[in-house]
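Letters are used for the chains, namely A, B, C and D, taken in the order the chains are written, and counting of residues starts over at 1 for each.
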Amino acid sequence: MSKRVFLKSLLAGMITLSLGLSVAQADNEVLKIGFVGVTSGPAAAWGISNQRSMETRAAWINETGGVKIGDKTYNVEIVAFDDQKDPKRAIAGMEKMAQEGIHYVVGPNVDDGAAAVRPVAEKNGIIYFPYAFPKTLYAPPASNAILGMVANYQSGPAIYKYLKDNKSVKKAAFVAANESDPLSQRDGGVEAAKALGLEVVSDNVTYQVDTTDFTPVLLPVIRSQPDLLVLSGVSPANAPQLIRSARELGYTGLISTETAQDAQVLKEGAGELANGFISVGGASTPEIASDMMREFVERYTKKFGEYNDESNTKVYALEYILDTLKANPEAIKDVEAFKKTVDTFEAPNPYMKGEAKLKYVGTTSFGQKRQLAVPLVVNVYQDGEFKTLFVAEVD
Amino acid sequence: MEQIIANGLYLGAQYALIALGLTLIFSLMNVLNFAHGQMYVLGGFITYTVVAQLGLPFLLGILVSGLLLALMGAGVEKYLFRPVVARSVREESTMLLAAGIAFFLDAVILLLFGEKQRGIPKIVDGVFNWDFRIIMPYDRIVVGLLALAAVAAFILYMRYSRTGRAMRALAQDRTAAQLMGVDVNRYSMFGFALGAMLAGVAGGLLVSITGVNLGMGGPTSIKAFMMIMIGGAGVISGAIAGGFILGMMESVGLTVLAAYGDVTYLIIFASLMVFLAFRPQGLMGKPWG
Amino acid sequence: MNPNPILEVDQVTRRFGGLTAVNKVSFTVQPSEILSVIGPNGAGKSTLFKLISSFLHTSEGEVRLKGERISDLAPHIVARKGVVRTFQETTIFRAMTVRENIIIAHHLRAKASLAGYFWGSAAARQDQAAFARSADEIIQFLGMGAIANELASNLPQGNLRALGIAIGLATDPKVLLLDEPFAGMNHDETMHMVQLVQNVRQERGITVLLVEHDIPAVMKISDRIVVINFGEKIAEGTPEDIRNNDKVIEAYLGREDDAIGM
Amino acid sequence: MTLFKKLLGVGLFLALVLVLVPWLIERSGRWDFYYTLTSVALLSIASAGVWLTFYIGRINIGQGAYALVGGYVSAILVTQAGMNFWLTLPLAGLFCALLSVLIGLPILRLRGVYFAMVTLVLTEVVRLTALALPITNGARGIVNIPLPTELSLFGLTLIPDFGTLANPKLAFYLAAVIMMILSYAVLYRIVHSRLGHLCRSLQQNEELAASIGVNITYLRILAYSISSFFGGIAGASFVNISQSIYPSSFQVVDSVNFMLNCFLGGLGYVFGPMLGTLLLYFGWDLLFTTGKYQLLIYSSLLILLMLVLPNGLLSLRLSRKAKQPAQASPDKQPSGATP
């Protein structure tokens, strides 16, 4: 009957794990902030950069005595749930967050997950910060989701306009993976490009995310002779390969994307072929990073061994949550109070040099303020690092 | 047109190498190794570590990948598959085991190598350009040729070495091989190790071109399944043919169907389904009955 | 000869690619007859059997049951019409007991629909009781009482063949096709099986058509014998006729491994 | 098992899932378990379908396809035709069943890994179709699907409007569990009636089954369409919990998981897939506190379980009784297709 004993102990072990694991408490009260996103499988990079930047920032805050909200000081604890990029699991994750009494959750990372958790979040009074772009998530009647970054339909026009004016781009081509998020982003991008008067020479080439050779994918695109190649919603894993294939096919025009990328990945995957690649990032380029941003990068690197440039954008969500709570301590238990504060909230942006502000935006796109004003920093890759091309704002 | 064929051939060479290991394991043990793609990814990461982190030569990286994966394959067969196969009533149960191993390797890869896309510097610089009719970077040509060489070496090994012949006998008829005095356990283990090694070598080769990330495992397995089904499961020549056909299909399909955009892969997969429904043994598999 | 044969094999031909496995074979089977098809290895006996039971489609010619064409129908339809085959390989439902094997083989006698069985209708219950009774009868008839609850996969060779026949009987066939029922048996087992087959004919009036290698057993059991070689019929007649047929002797003597047992 | 014992077992199970579990959840305040258990119930319905195809000797890695189709059918009917969700549920199942007849006719002739592979590809084909079709709204998915509304017959409320319920989680849980119980009751009846015996005969020896007069084509299609029906209703129910559907709502991973659920529970046992789903899904959830080691621990446990119980969890119960393999391998030879 050793099998029975084995199974019983297995079950017992799992239950103790799930119920018994409570973190050792410090003197301060604990403020739990959730994360529901993908930290395993093909898209792991997206969620991991979220989770790690949250954990880095939380450890930093706790080390320096916690965060003071109202008249209490809290230690920040990050509760993370891996949804495996499965919308069904994402719902389970959000339920878990509700169970833990958490009202502020970062994530999910993709469209379907963000849409799926909406009923749970609204039912349980949770504000969540997806990294997904569908407008239905943020426009009324939806009210609990706040977009954590700049959407492609916001950054796209800005980039295309800049390139049209400064690099005399006339013909654009779009490629996207055949999945929901990239395809939606492609459609948005094509629309924006046409609105600006660019000629879209190719917009229907798609690829499987597991493609190992992009030469056949890009061949027809390059033959349409664009002078701007847009990689819509490209994942950091695919970007270097696409760039490399395009360049090796003799393409000499510009390449851009509206998602965040990692310089190290580009360097390893495409080397100097990636020079000139335009992407959207946060604020850690040397020209604009504040001392605090530099310290954040340092701490992150120390804690996890290697920095991920995607975290430049993803560090903001936690900062916004805490600062908004500071501005209105009532919101700690009451998301309606948070929603009210959103309309008027403003604080200095600690990660950027100069006068930049943290505030909620999105009125133009969603009809209500449901977006974090993350600086729209357009980068260009050059020899292993990003350089700022221009900085813009979203309203 | 030349470009499309060249692309197809290059893709085919790499696919064939991936499919070989899978079909070998399938033919020997009737195990559909869901973890094949993960083994391939692991091979890529090992080569990456050796070449990019330790600064050692590329070929050494491939060698280390192959050896480590072979060791792992042997262990997996001996300590996991063998006991389970021996005791399970339905042999499909090994699928759960294989899936468990795939998850396990995914977890290990994430913990050891992180979530990021990795790549090593180009092994050869420059691009071969024949009057813009065929454009092919030199490193692709080198890797394609290396892949072909590995495939050829494998075929020769299976045909002319004692071990290779024993494994072929085993694949033909397990019981008969046993009666003929082939040490079934030993050659199963050896075959598994060889299959895993091929995955490792493929991963190591391709890390120089496509790079590697932890998400590639599952999709690679599925693609490899499709290749061996096209060619005929468990048939070595079939796996090679399947690899080249899938490579060609993608290359041609992506160009010809480019105008229809989103449906390219839908058509490729749907036609594959139809093909398999009417010719289940694939191109070269033994016909039924 | 009776002008109303139960089974007619009429000019049946089957080609595989360029190879003609069965070439214009014709013969008839009379009701309640035991007819054997013999021939050297690779003569096309098994192919012929598959053609009669419609597991293979004919290239030319046809098979008729009581004047009605049955070739090229789906195998289960042919079984429904009363032509049921057992297999050369000892094919049974391995993971069922002997009794379960026989009960399941009563499929064709079911009066209730599958939905009826699902809901447990009266007709279904009657069916089940009838099947159980009939199965017990067959078990008794074939003397398999001692092994009725054994798992089929645990049975020795001889019992497996008997079970094969039991499964055939359960379908209540008009014509039972036995594919090498004596293969791999020793003398005693063979004689026991010969007895069983004869009982099947005598007590149940079932026509038996068998393909066999074991010439002594065939001589003993058959009313008539059809000999084929290289896919063609070379002789037909009583065991006595066949014994003295030059063509047959030649066909068999032409091969060293299959000495005719006379 | 005597009838009394059977009834007692069923009674206990009903009491457990319908009364005890909700009571425990209320007491402990672990509200999140409602959703987890709802998921388990729904996923185990889909797994039950996969199990039934296993029962005719086919490895089905395509159930995700039918779950997705079912989800879309329900979503489209609810959002575009304004139908009541409860009516779309059987329609989604029926649509999947019909679709599976068309798909099954050619592919069910295949066996072993050949069938498995084709079904695996099927999942991807359906996902890509959903991306390409206009009616599914392509990549943008269908969102803002309303909660199930009231279902009444002659003014009598059969099922209340979920939107107005104080505790829709409990309602979803109960609905899912009742559906699961019905599905497994059907499955149990199938397996223990003549249909099940015939399926077993098919699993063990298709040729012999044909020769005793079983219409194997019909039976295969029947089993496969019942299986797909289960997939369809499970998918449709999920869509109405998440109130949204995307082409990625059910994909290859889900298909593989459905199959693994069956293996884990045990292919020889009707309730195997239910137990397997519970363990695989709930196990992952319980391990969530282990953070980045979650997948490592989860997969290690899976491998261990396989080593200890290669025939599924429920084989444990069996090994206590006399060793009577309820299920043996079909032909161990890799076989291609029937003619």
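In the analysis below, a residue touches a chain if its C-beta (ideal position, glycine included) is under 8 Å from a C-beta of that chain, and two chains touch if they have at least 3 such contacts.
Predicted model, so just to flag it, every value in this text is computed and none were measured.
> Quick check on this structure: which chain has its C-alpha centroid closest to the centroid of all protein C-alpha atoms?
Nearest to the common C-alpha centre lies chain D.
> Among the chains, which one keeps its Cα centre farthest from the Cα centre of chain D?
C
> On a C-alpha centroid basis, what's the spacing between chain B and chain C, in Å?
47
> If you average the CA atoms of chain A and of chain B, how far apart do the two points sit, in angstrom?
34
> Once you find the CA centre of chain C and the CA centre of chain D, what distance in Å lies between them?
So the centroids are 42 Å from each other.
> Just the number, please: Cα centre separation of chain A and chain C in whole Å.
So the centre of chain A lies 71 Å away from the centre of chain C.
> Give the residues of chain A that touch two or more other chains, as numbers and ranges in rising order.
Residues 39-40, 178, 183 of chain A each touch two or more of the other chains.
> Among the residues of chain C, which are close enough to touch at least two other chains?
In chain C, nothing touches at least two other chains.
> Among the residues of chain B, which are close enough to touch at least two other chains?
If we look for residues of chain B contacting two or more partner chains, we find 106-107, 110, 218, 222, 262, 265.
> Just spell out which pairs of chains touch, all of them.
Taking the chains two at a time, the touching pairs are A-B, A-D, B-D, C-D.
> Which stretch or stretches of chain D touch chain B in the complex?
59, 106-107, 109-111, 113-114, 116-118, 120-122, 124-125, 128-129, 131-132, 252-253, 256, 259-260, 263-264, 267-268, 292-293, 295-296, 298-300, 302-303, 306-307, 310-312, 325, 327-330, 332, 334-339
> Along chain B, where are the residues that touch chain D in the complex?
Where chain B meets chain D, its residues are 26, 30, 32, 34, 80, 83-84, 87-93, 95-97, 99-101, 103-104, 106-108, 110-111, 218, 222, 225-226, 229, 233-234, 262-263, 265-266, 269-270, 272-274, 276-278, 280-281, 285-289.
> Name, in rising order, each residue of chain A that touches chain D in their complex.
Against chain D, the touching part of chain A is residues 3-4, 6-7, 10, 14-15, 17-18, 21, 39-40, 80-82, 84-89, 91-92, 95-96, 98-99, 110-112, 115-120, 123, 134, 136, 178-184, 187.
> Quick one: in the complex, what on chain D touches chain C?
Going by the criterion above, the answer is residues 189-190, 193-195, 197-198, 200-201, 204-205, 207-208, 210-217, 222, 324-328, 339.
> Quick check on the complex: what are the chain B residues that touch chain A?
Going through chain B, the ones touching chain A are 3-4, 7-8, 10-11, 14, 52, 106-107, 110, 114-122, 127, 129, 132, 135, 137, 140, 206, 209-211, 213-216, 218-220, 222-223, 250-251, 254-255, 258-262, 264-265.
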